[in-house]
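The structure under discussion is supplied below as structure tokens; questions concerning it will follow.
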């Protein structure tokens, strides 16, 4: 395992069912490496896909906003795979160069002020506690 | 220092100028504890405020989206102060309970899949590299 | 330095003594790159090896559990080297594909719920404080 | 929201169904604050509980090992709530003081060596890549 | 355990020996809570103290620089206890308010640019690889 | 974008002005990849450079100490680019192999004890709170 990918033709019916649902939901015939690797542990593949499908569906937040939040977290954690795939997904959902520029500027500032607040041990304002 | 706050009446003219700009920009007469503590090092107060003012201004992304991205980073880093203050700021900018619920759901999933991608050492798909 | 490796034949007696102990303890004649690089600062090589040897020895927890905990931390931190070397070590200690699958599933969920608990600012239950 | 808890008597049928399942599965009549706060966003409550129930069930890894891995991640991320609740859960599953001592010793060492490997930019050994 | 402290009068001879060495080395009669809690697992108390004593001793870097680096890491990780204790230790070693201000400014900027470098997936310059 | 670099000959006057200032300030005719990528979003390029120039200038802390703190944060966050570039910058400012060895030893220990303090939930000593 560890990077080894399960291709469609080698997959069990359980895994194929998830792959089919991914391709149908995303209207594509490509399966990302992420899913092909998760397929080494079918319960994790199924559970993760079902959660992602539910969480990333349009709701009170639109899909573009959700993809940008995903990218913000991935850049903060430095997950190389996730940054690459969610930059692509956010672009597909409409993110322009200018929006990416502003997004990363906010991510950068948030990471800076997070450490200033921690390092100076700033007390939470009373009005923010409620 | 370390938590000690510089109040307006005790502040130097340099610090007061920043406080005045914060209050004018945000249309409030309240200065958050964060700024009062940063005032212990006036160059950091000034530089951080100027960056935040520029970065958080409306642009290709609207202020609400920026506040939610800020909150997503702060929840990922577990900066207690930042979570409290940016939850309040996002609500003021229009975030509903339903939007917060979806936002944190995405943040949670991103943190989960970041570790699955890392732990399984997933290779970046060729088409995400360009 | 920064990646440069100290090979056995070029090593000082102090470094060789550590290499010898590593090979004897682990019953192998291979020295991992990690140790070869640490050898650039012999006190860190010696101290780190002695700590690892003590901490990873069987005790109240068995070596496999310890290796899996090590891997869980490394996946959370996204330390590429550590994920690779401790996945190998855990497999050598008996970790199967199924166990790795469940391990990373827990790591993923823990990283997700950590952010949900942070983001919602959940108060610690009284009964968990004692 | 943000810390506000949904008690059983005020909960919707959807939320009550999850609470009932938590209490039945864990053989307790106590609902942790974590779930009471997640109940502000019922889809996240349901999805998170279902994932946790599946992931933490006994499988190739026993429940105690899983709780200790959960705690290791939470200590690494400094999630105060999660450390408190999963220390309690691990103790209930059989973790002794000695086991906790060894667990945290491994967590500490892993966090140390993660940074040594990163800081020295150690290349992954060829034999760990496969 | 979990926060419970082992006081000198209740400590085993093994723990007392470490406490005695801490007090002698630091020329104080106070034992920090950190050590009193580690004393629940005596091997970790001993090993951690011996490592800290060696690592923090004056060498190619002076003790003040070392304390400031410690604080920089602790602010980045948001370890509340460590920020509080190492701010105190750095002040004792000579850190002024101005130095703390500059230190946290660097820590903040480093955390910002770390995410900009990650988020934009900047390739390492050839001349930095050697 | 995402890795694409803006070379001097293709840059807008706004971007060239920043590049010119970087080369003049650092007395070099090389622009690091980091700046060439930030140039995709000129306001972030300008703002980040101005902050870095101000924060890294000699003050109460000397430039070498600042570079080592930067490196300590980057190693903790595992920002590959930042570790490579700031190791080079610190060496240029006078960091020897011995100093790097001690620096990373402190970074490693800080990351270890941060988790021990978190994992054991150590209460902050009263005298560290003021």
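Labels for the chains are A, B, C, D, E and F, by order of writing; each one numbers its residues from 1.
The rule is short, and it goes like this: a contact is a pair of C-beta atoms (placed from the backbone, for glycine too) under 8 Å apart; a residue touches a chain by one contact, two chains touch by 3 or more.
Labels paired with UniProt names: A, B, C, D, E, F = Carboxymuconolactone decarboxylase family protein.
Keep in mind the model is a prediction, meaning the values are calculated, not measured.
Colleague: Of the pairs given as B-D, B-F or E-F, which one copies C-D, with over half of its contacts the same by residue number?
Modeller: It is E-F that reproduces the contact pattern of C-D.
Colleague: Specify the angle of rotation obtained when superposing subunit D on subunit E by their C-alpha atoms, rounded to a multiple of 5 degrees.
Modeller: The C-alpha superposition of subunit D onto subunit E needs 120 degrees.
Colleague: Of all chains present, which has the mean Cα position farthest from that of subunit E?
Modeller: A
Colleague: Could you tell me the distance, in whole angstrom, between the mean C-alpha positions of subunit B and subunit C?
Modeller: About 34 Å, centre to centre.
Colleague: Can you compute the centre-to-centre distance for subunit A and subunit B, using the mean CA position of each chain? Integer Å is fine.
Modeller: 20
Colleague: Centre to centre, by mean C-alpha position, how many angstrom separate subunit A and subunit F?
Modeller: About 27 Å, centre to centre.
Colleague: Subunit C: which residues touch two or more other chains?
Modeller: Residues 1-2, 40, 43-44, 47-48, 51, 55, 76-80, 84, 87, 98, 101-105, 107-109, 111-114, 116, 118, 120-121.
Colleague: Going by the touch rule set out above, what shape does the chain contact graph take here: line, ring, star, complete or other?
Modeller: Topology of touching chains reads as complete, every chain touching all others.
Colleague: In the complex, go through subunit C and note every residue touching subunit F.
Modeller: 1-2, 40-41, 43-44, 47-48, 77-79
Colleague: For subunit C, which residues count as touching subunit B in their complex?
Modeller: 71, 75-76, 78, 80, 83-84, 87, 103-104, 107-109, 111-116, 118-121
Colleague: Taking the complex as given, what residues does subunit A use to touch subunit B?
Modeller: 1-3, 30, 32-34, 37-38, 40, 44, 48, 51-52, 55-56, 59-61, 65-66, 68-70, 72-74, 76-77, 79-82, 84-88, 96, 98-99, 101-103, 105-107, 109-118, 120-125, 127-129
Colleague: Give the list of subunit B residues in touch with subunit F in this complex.
Modeller: My answer: residues 43, 47, 51, 54-55.
Colleague: Over in the complex, which subunit C residues touch subunit A? Could you list them?
Modeller: Touching subunit A: residues 78, 84, 87, 97-98, 100-102, 104-105, 108 of subunit C.
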